[in-house]
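Letters A, B, C and D mark the chains in the order given here, with residues in each chain numbered from 1 onward.
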Amino acid sequence: MLVVMSNTATKADIDRVCETIRTMGYTPVAMPGSSRTTVGLIGNDRRVDSSLVAELPGVAQVIHVSNLYKQVSREWKSDGTIVTIAPGVSFGGAAVPVIAGPCSVESEAQILEAARGVKAAGAVALRGGAFKPRSSPYSFQGMGKQGLELLALAKRETGLAIVTEAMDDEGAHLVAEVADLIQIGARNMQNYSLLKTVGRIGKPVLLKRGMAATIEDLLLSAEYILSEGNQQVILCERGLRSFDATARNLFDLTAIPVVHGLSHLPIVADPSHGTGRRDKVTPMARAAVAAGADGLIVEVHPHPERALSDGAQSLTLDQFTELMRQLRRVAEAVDRQVSGTPAGAA
Amino acid sequence: MLVVMSNTATKADIDRVCETIRTMGYTPVAMPGSSRTTVGLIGNDRRVDSSLVAELPGVAQVIHVSNLYKQVSREWKSDGTIVTIAPGVSFGGAAVPVIAGPCSVESEAQILEAARGVKAAGAVALRGGAFKPRSSPYSFQGMGKQGLELLALAKRETGLAIVTEAMDDEGAHLVAEVADLIQIGARNMQNYSLLKTVGRIGKPVLLKRGMAATIEDLLLSAEYILSEGNQQVILCERGLRSFDATARNLFDLTAIPVVHGLSHLPIVADPSHGTGRRDKVTPMARAAVAAGADGLIVEVHPHPERALSDGAQSLTLDQFTELMRQLRRVAEAVDRQVSGTPAGAA
Amino acid sequence: MLVVMSNTATKADIDRVCETIRTMGYTPVAMPGSSRTTVGLIGNDRRVDSSLVAELPGVAQVIHVSNLYKQVSREWKSDGTIVTIAPGVSFGGAAVPVIAGPCSVESEAQILEAARGVKAAGAVALRGGAFKPRSSPYSFQGMGKQGLELLALAKRETGLAIVTEAMDDEGAHLVAEVADLIQIGARNMQNYSLLKTVGRIGKPVLLKRGMAATIEDLLLSAEYILSEGNQQVILCERGLRSFDATARNLFDLTAIPVVHGLSHLPIVADPSHGTGRRDKVTPMARAAVAAGADGLIVEVHPHPERALSDGAQSLTLDQFTELMRQLRRVAEAVDRQVSGTPAGAA
Amino acid sequence: MLVVMSNTATKADIDRVCETIRTMGYTPVAMPGSSRTTVGLIGNDRRVDSSLVAELPGVAQVIHVSNLYKQVSREWKSDGTIVTIAPGVSFGGAAVPVIAGPCSVESEAQILEAARGVKAAGAVALRGGAFKPRSSPYSFQGMGKQGLELLALAKRETGLAIVTEAMDDEGAHLVAEVADLIQIGARNMQNYSLLKTVGRIGKPVLLKRGMAATIEDLLLSAEYILSEGNQQVILCERGLRSFDATARNLFDLTAIPVVHGLSHLPIVADPSHGTGRRDKVTPMARAAVAAGADGLIVEVHPHPERALSDGAQSLTLDQFTELMRQLRRVAEAVDRQVSGTPAGAA
């Protein structure tokens, strides 16, 4: 903690700050500048509660220099964490696995057609919501348990790993029976009860960044999961709230190298929510891989025009096949490989 | 739903859009302009899934004209709703009740001193967190059940109504036993499971606006509660995420008249979180009342410098007494009254 | 400047930082914490260029503690500045002068009707654009010099002070011949050539906050004017860009007490642009005065439905008369007075 | 224009809207829905001033369906525009030219070393500011005319095209004598006087997106230049203001495919300002090319640690050489080529 004094602070003001810091059990260091003095504090390794000094006379500003997060930090663990959600499906290494599938599980026919299609194109995991967080209570809320059963069926049929969202504690336990990777959606990024629950369940977690979350917020939410003993966390950039309605969200790809600098956890990108528009998904998927994404999650629907949710941002199977073709080239150009072999390739 | 065609759309494109609308069970109306045609749709009263037409050739844009929310709308109920949380404590009428108290319940001594102090100054309800959502898992998380018991004690001692936050389904039931008004925090504004739970519990709910929530998002979240049969919802503006770190949040007071125009629900303001800085709370509390707020919620701590959370934005009891004095004058100037009689007043 | 070291920084890293600071002519102070070391710098009173150290091995972060602005700061001049734009029309004291008038000067009849009307209601200055910055080159761009002549006429007829915008260097000199207060619009807040020009002209300047400007940005832009020797600057909050299209802008009233804390310059509020919607102007004008605004600038048009620009946010004369009536009450409630006597009042 | 009626609107309200539209010279079409009526307008090809109807009784919302811009639109000109700034240096085709150089021209030695270095690495144009817009009046403001002379010298020595910024009308004419591409900075994106001036000068213009500008704002500003008869405009994405201080700006790469959809103008990306941090420039430059950028502009300084401005985001020559190597691979992966042959390549 650093206490910046006003340039009108008196010596008595500075002494009072130093004394208060001593009362808190730390050693103050006053550093006079030509126009103002800064008082440092020796001995802290966590954020000290600054309210004791923030409002003392003559104090202009209090600055914290320690991070609030710990276990997620690259300073804590310098090697990148590799999260393996199923045999051969790992995030955080040289491979760039692609998760694909519809926004919602809608029927057996739909999910099986989607699963077979995305597998043929090279996806290694199937996404599909059984429990859906929707802004309106009148929108389709997902098939629930029945949706989970259909995902289990799709897994048996195709061998794809399963990625699906949990919205509450009870749902998390249900989801955990089927999912290889439990998704926490953007709206629940700071639902700390849920974070603790999936931390305790211990299965890999896909933690999506909230619509107005800083990178620090995202890492702190991940810290909730790690602090319960679960290190298997994959972060996900999926676009931020923006003043420009041209795209649905503002896709913050810089988050990828920023996270790589601050944390050892892998980070994937969701260009479907990131852009909200089908025709922007492919260029932005390419961009995400070029920026260093450790994987992608893409909405694909065999018949987007009939989708019960997010149709406008879902790719057709043909479009997804083409996206995968393009991704392979971009991945190679950054010395990585899109995992999964497309059907027909030798 | 309105479908705006590109100015390069052909007659065939327009016909295809009209045909698709017919397939969906509606009647299309093509309106040629000098540079482009717009196709309207007769017969919808809810948002039609637009993905069927959004991606047809020649379509430039799809515009929805219906609101997604219904029961919260002033079109649905033109008279303002009055939410009574305890005898004589009503939000939405001419009175402007003030809720005050510490961020967290910390001890019996602290909460009783706070309760007596805010009551003496004219507050009619006591706030205080027993379950605290904190960005970091290492920050103080609240006293839990014991905190609720202390709130019940403070109620017995002072007669103040109790406002406290629920963070999950289990907690909501615990909180409901003590609280007169169950708070849903900004981070949980789109925790739909929790919204449904408090909707079913049926007690009055204080729903705080999320940090990047539009007014429509806020109203849709309230709709989740109303759609479970609970009309007793008070909205709360508490500041938005901002690019300017000068204040903790960007306090959007325009939300007050905007909500009054769109919805029959009352809306209160939280100048403590809205500004995050003690010395800005009083002017912004005055501004909120002048803008038409139906109440206020203010952080007050008998000893802010010892607070376990949010000390920097908490008022002392003396500062709160002065705030109340100023509020009474501003409330009168807009033909309203701060409810509650200050100690010593006749 | 404070240099926060990574918790993996070696002693050699810390020594290198200290050595570099010495090379720059300052004295380093290393403050070891339990998990990381911070290096302070003694002797700076302005922002040191930090790039020399920011990228050295082991450096996690560089923090600046000095403000970039100087003459606008309340640390530089503790008494509030009073800017007098015409006899009896002063901003920054106990009075709350109101500037009112149409977005654009459109004709002699329109500007005279507006001027007489707003004067009768109690405004002390007339606003009206002769040069208009419009997003589209095809929108009405203002009447130019002829508009200035009509403003001069309105001044002669009513005695109102004149407030009008300058968009470029040449226009600033023309505007200065007529205006008592030269407005710099939000889009030009960082047009430094223009800021220097109006600084040199020496007439009072109304500096509007840019749509995404921090308070520090605003103060730095004001500093450009003061650094040319012109202290007569009035700041103006007029709403920020927002993700919520419900209102045109996000009106940041907290800027008022924040500016009062940081700077000696007066700040007025523009609820017309701040909200963009006629029916929100009056409540937010009240809120601005309650928050401590040193004046208001309000769009009023005798016939808003025929306005060539900004009709949807302009008040009618009747609405403005009512607004002034309400403002007088709110101003009194915060111990201030709306200057100007309404017609018919004794 | 579409007028959405409230669901409480009466027949008289609807008739009044229709009548008003007729008065404006258009034909109204009323489209009753089950809960509300929308009134369309036949015959408009530009944005009609909506204030006449927006405030009529019973009107809930007015929606505009025409764009405000015209000549910049892809609807106006379907083929992409190729802007050639110097022989062999074209933006908008298959090539991806790279502009590189220091933030500011600082000395003959500095600019020549930079020019030779970036040319050797494959850049085809040299950037360097002679006139610098700086937030603080006390920061280095550029060398002015002398800086322009040094850029002219660097051009003679290396053959690189020159890109430099103009801040005002007078400066624009000076800059035009030396620059092959006149840069309009983000802060001046809506300085309409300056836009008209560079429109009339007729040289190619690099128009940077403002910090809170929507894509529509950017295109409208470009329209100012085109409406003066100058079609040679290159747009530039350089990062938006953000609530997250982790990076300097929020780099909106989705703007690239969005602009490609709406406009025929080429768009380049500036990963240096877009991220503000040296170690993020290379991954985000790769991402920009993968997203489809028509070129890049990158800050490179032979000795960033001595730079007078923006040192923290400038690459060294070695880092830039490596960036170019990586870009070539990514460009190939999206079927494009980084123009310019690196030294030593055959």
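Here, a residue touches a chain if its C-beta (ideal position, glycine included) is under 8 Å from a C-beta of that chain, and two chains touch if they have at least 3 such contacts.
Not measured: the values here are computed from a predicted model.
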_Quick check on the contact graph: shortest path length from chain B to chain D, in steps?_
1
*Please flag the chain sitting at the greatest distance from chain A, going by CA centroids.*
C
_Centroid distance [mean C-alpha coordinates] between chain D and chain C, Å_ = 26
*Give, as an integer number of Å, the spacing between the C-alpha centres of chain C and chain A.*
38
*Residue numbers in chain B touching 2 or more other chains?*
212, 240-243, 245
*How would one label the connectivity among the chains shown: line, ring, star, complete, or other?*
complete
*Mind listing the chain C positions that touch chain B in their complex?*
212, 214-216, 240, 242-247, 250-254, 256-258, 261, 274-275, 279-280, 283-284, 286-292, 326, 329-330, 332-334
_Residue numbers of chain B touching chain A in their complex, please._
46-47, 49-52, 54-55, 68-70, 133-139, 167-171, 187-188, 190-194, 210-212, 217, 220-221, 223-224, 227, 240-241, 278, 304-308, 310-312, 314
*asked:* Taking the touch rule as given, give the residues of chain B at its contact with chain D in the complex, in rising order.
replied: 2, 4, 6-8, 29, 31-36, 38, 40-45, 61, 63, 65-66, 75, 78, 241-243, 245
